[in-house]
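The structure is given below, and queries will be raised subsequently.
Labels run A, B and C following the written order; every chain starts at residue 1.
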Amino acid sequence: MALLKINKLTKEFGGLKAVANFNIEINDGELIGLIGPNGAGKTTAFNLMTGVYEPTSGEMLFDGKSLVGLKPYEVTQRGIARTFQNIRLFSDLSVLDNVKIAYHFHVKYGLWESVLRVGRYYSEEDMIEQKAMECLKMFKLDDRRDEIAKNLPYGEQRRLEIARALAAQPKLLLLDEPAAGMNPQETHELMEMIRWIRDELKLTILLIEHDMSLVMGVCERIYVLDYGSIIADGTPAEIRNNPCVIEAYLGEEVC
Amino acid sequence: MEASSLTQQFFQQLINGISLGSIYALIALGYTMVYGIIRLINFAHGDIYMLGAYAGYFATTFFKMSFFPALIFSMVVASTVGMLIERLAYRPLRGAPKIAILITAIGVSLLLEYGGMILVTPQPRTFPELFSTATYNFMGLVVNSQQIVILVVSLALMFILTYVVNHTKVGKAMRAVSFDTDAARLMGINVDRIISFTFAIGSSLAAAAGILVGIYYNSIDPLMGIMPGLKAFVAAVLGGIGVIPGAMVGGVLLGVIEALVSGFLSSTFRDAAAFIILIVILLFRPAGLFGKNIREKV
Amino acid sequence: MKRDLMGIVGAVALYALLMGLIESEVIGAFWQLNIVLICINIILAVSLNLITGFTGQFSIGHAGFMAVGAYLSAVFTVKLGLPYIVGILAGAAGAAILGFAIGLPTLRLKGDYLAIATLGLGEIIRITILNIPYVGGASGLMGIPRYTTFTWAFFLMVITVLFIKNFINSSHGRACISIRENEIAAEAMGVDTTKYKVIAFTIGATFAGVAGGLFSHYFYIAHPASFTFMKSFDILTMVVLGGMGSITGSITTAILLTYISAELASYPEWRMVIYALLLIVLMIYRPQGLFGNKELSLKLFSRILGGGQRGAAENK
């Protein structure tokens, strides 16, 4: 069964169709790319999936349950975590605290237990700290735990954002242009890391990317979005030779 | 009879409300222009209005000026003080967290209020009568000369302001800075000077409002700016903060609503009316009557 | 746990010291009054810091909740003849309920808009009270017995600080802080932002209610003029000057500002002028407040003494 199945998703902003008849299907464990020219509606599609925007029409099924109408935090609690195109860290907090916050909705102790410091408070706080450190270790950020997030170099901020998303323990990870602003060397490392995350954590990943080498190199299947609709999907090789895709990117009339 | 006396009272309150409201509108303009240009709620603005009233008081009592020279004098004094405040207190904080600037504005407000108390004593003063009070009756409604002066002067000032903002070079620069400060700077506009100018204009309008209130109520004191300042702010929000015509309409509307509430319900609820309007507007149409809603891009 | 115990032991020691000084009349009536005021101001500042400093929601209506606590507790003790503790709890509960009811619709607003909405609500609360003859209307509710003692004020202050400190250092507190840092990211991390904003606002309002109860039962009267938006500004000032998100900062400025006010009590106008100048100058030279979002602690002291390098880097 498909982990995420989106059918005829449409979003209009005052008459303008930012996303129209958007259909995708992602199976468990896949690593999928979503590409398209600037303004094609990729980020809008992400925002629809994560509940930032409410769709005008269409349906989205995740794990067999509808995502339509859920708030962003509810979507995350269902098991979809994301990163942002423009990094959104908790910039004045330490690296460790950034990750700790992602465990928030797994915490079982209540308000009174935290205030009176009784019950599960200590055991759960220890567990969160331990898990957060493990997560940081995976991303080689453990020696930066006390650094303030905004003081990290750019590449590490991007890594921290992915680490934080994973700490929410999602089934599906959405990455919005993870390689934006990276040099080829960093992009290559990121590629390795994304593949490793998927294999190691048995995740499903959907990523938006402009960097073709990254998308072609790492994704198993690619969807191409243009003017809000999916115009093609297939393996990297198929996409590379698809005339419609070439047209969308180069503007030539071949399709 | 009952119904006709109600309508009569309604129109009487309408007249009172419009003259009170045009004063709110004059103060609200300063709030709205400053907010439009640097996104600051200038809490000290109400105290500039107080300062204007005192400048007018001294101009007419010590320097024996008549109404118009006194009006000009106090507008000049207030715009100088307004520019000084911007230069000394707000400019060093450009780029600082919003709350820090807000606290500074509160500090400036307290400084003007209590500094004023030290300078001119906390006792209320009687504003000299600059016009012989005449009352005009028509169709059972009473209008006095002060109300006419308030209305004429405020309308004239608003007309001048609209002209300056829409048809002069500096007005165009103001609109540019308010629309996008960085782009305006790149286009060669001296942003700091435009901000100064905005403070000057806003302050002079508040000063005019101060004199007009002095004439209307005959009494001024160092804390007189607090409530009208807040109310004018509500008026600015009502019209859509940052929108100049909004402030004018918002001010008059608020004045009318207040007059009707105190006329038909109870004057103790008058102040509450303004704040209830504020809350309702903020919850249901935060951009105000004339503003546009904007949302953060994700 | 150990740190909490140490804190409590320290607080009890401080209490014993101050109590000794009061009993032996080294601290006279005037300073005793100001110590009680300091305790009340600490409660107000720390509780507002939870809303504004930690959760990032500007509120200029804290005096409104204080007013509810002041009046409601007095109604319970004076009109209904119930014990003081019942009055305090009722005042806190009333403020909490109102905080919840106001917070739920209002906290959708952001930044400036929220600030002015809370200012307006605070004034509406005050004007409403002003129009209730049962509690004395414009002349205030008089004849309130002085139940507030140094002991009451001190220990309620300690409870407030401990409560809010423990809340902040929990997953729930981190959820609140994440809202301040980046609301959209917080949502994306599974934080129900509306819920946590309302929780923070309600807790803050509750303790403002406690402070109100202490206040009216110390000064024999609950008067609408004590709870204007100027009082809300006062509290906000303490929070911002101390540092948004620093409990020790709020405590320090609450003590400092109350002390300065007391020293200048005989020159009321000069007091406000100096206060105003202090605000402006501090904001220009240190807009993040005295402590920023750092907490004052023994560790910090040793770091400063042991070489300022790291500390300096962090302040940047």
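Following the convention adopted for this analysis, contacts are C-beta pairs under 8 Å (C-beta built on N, C-alpha and C of every residue); 3 or more make two chains touch, one makes a residue touch a chain.
The structure presented is a predicted model; accordingly, all values stated were derived computationally and were not measured.
> Can you name the chain that lies farthest from chain C, using the mean of each chain's Cα atoms as its centre?
Most distant chain from chain C: A.
> Whose C-alpha centre lies nearest the centre of all protein C-alpha atoms?
Most central by this criterion: C.
> In whole angstrom, what separates the CA-based centres of chain A and chain C?
A distance of 40 Å separates the two centres.
> Please report how many Å separate the Cα centroid of chain B from that of chain C, as a whole number.
Between these chains, centre-to-centre, one finds 32 Å.
> Taking the mean of the CA coordinates per chain, how far is chain A from chain B in Å?
Distance between chain centres: 49 Å.
> Give me the residues of chain A that touch two or more other chains.
Chain A, residues with two or more chain partners: 52, 84.
> When you check chain B against every other chain, which residues touch at least two of them?
298
> Would you mind listing the residues of chain C that make contact with two or more other chains?
184
> Give the list of chain B residues in touch with chain C in this complex.
Counting only chain B, the residues touching chain C are 39, 41, 89, 92-93, 96-104, 106-111, 113-115, 117-118, 122, 230, 233-234, 237, 266, 268-269, 271-272, 275-276, 278-279, 282-283, 286, 296, 298.
> Going by the contact rule at the top, pick out the chain A residues touching chain C in the complex.
Touching chain C: residues 50, 52, 71-73, 76-77, 81-82, 84, 88-93, 97, 100-105, 107, 109, 111, 114-117, 121-122, 124-125, 128, 148, 164-165, 168 of chain A.
> Over in the complex, which chain C residues touch chain A? Could you list them?
Residue positions touching the partner: 1, 4, 163, 166-167, 169-175, 177-178, 181-182, 184-193, 199, 293, 314.
> For the complex, give me every residue of chain C touching chain B.
The touching residues are 52, 58, 105-106, 108-109, 111-113, 115-117, 119-121, 123-124, 127-128, 130-131, 138, 184, 229, 233, 236-237, 240-241, 244, 269-273, 275-280, 283-284, 287-288.
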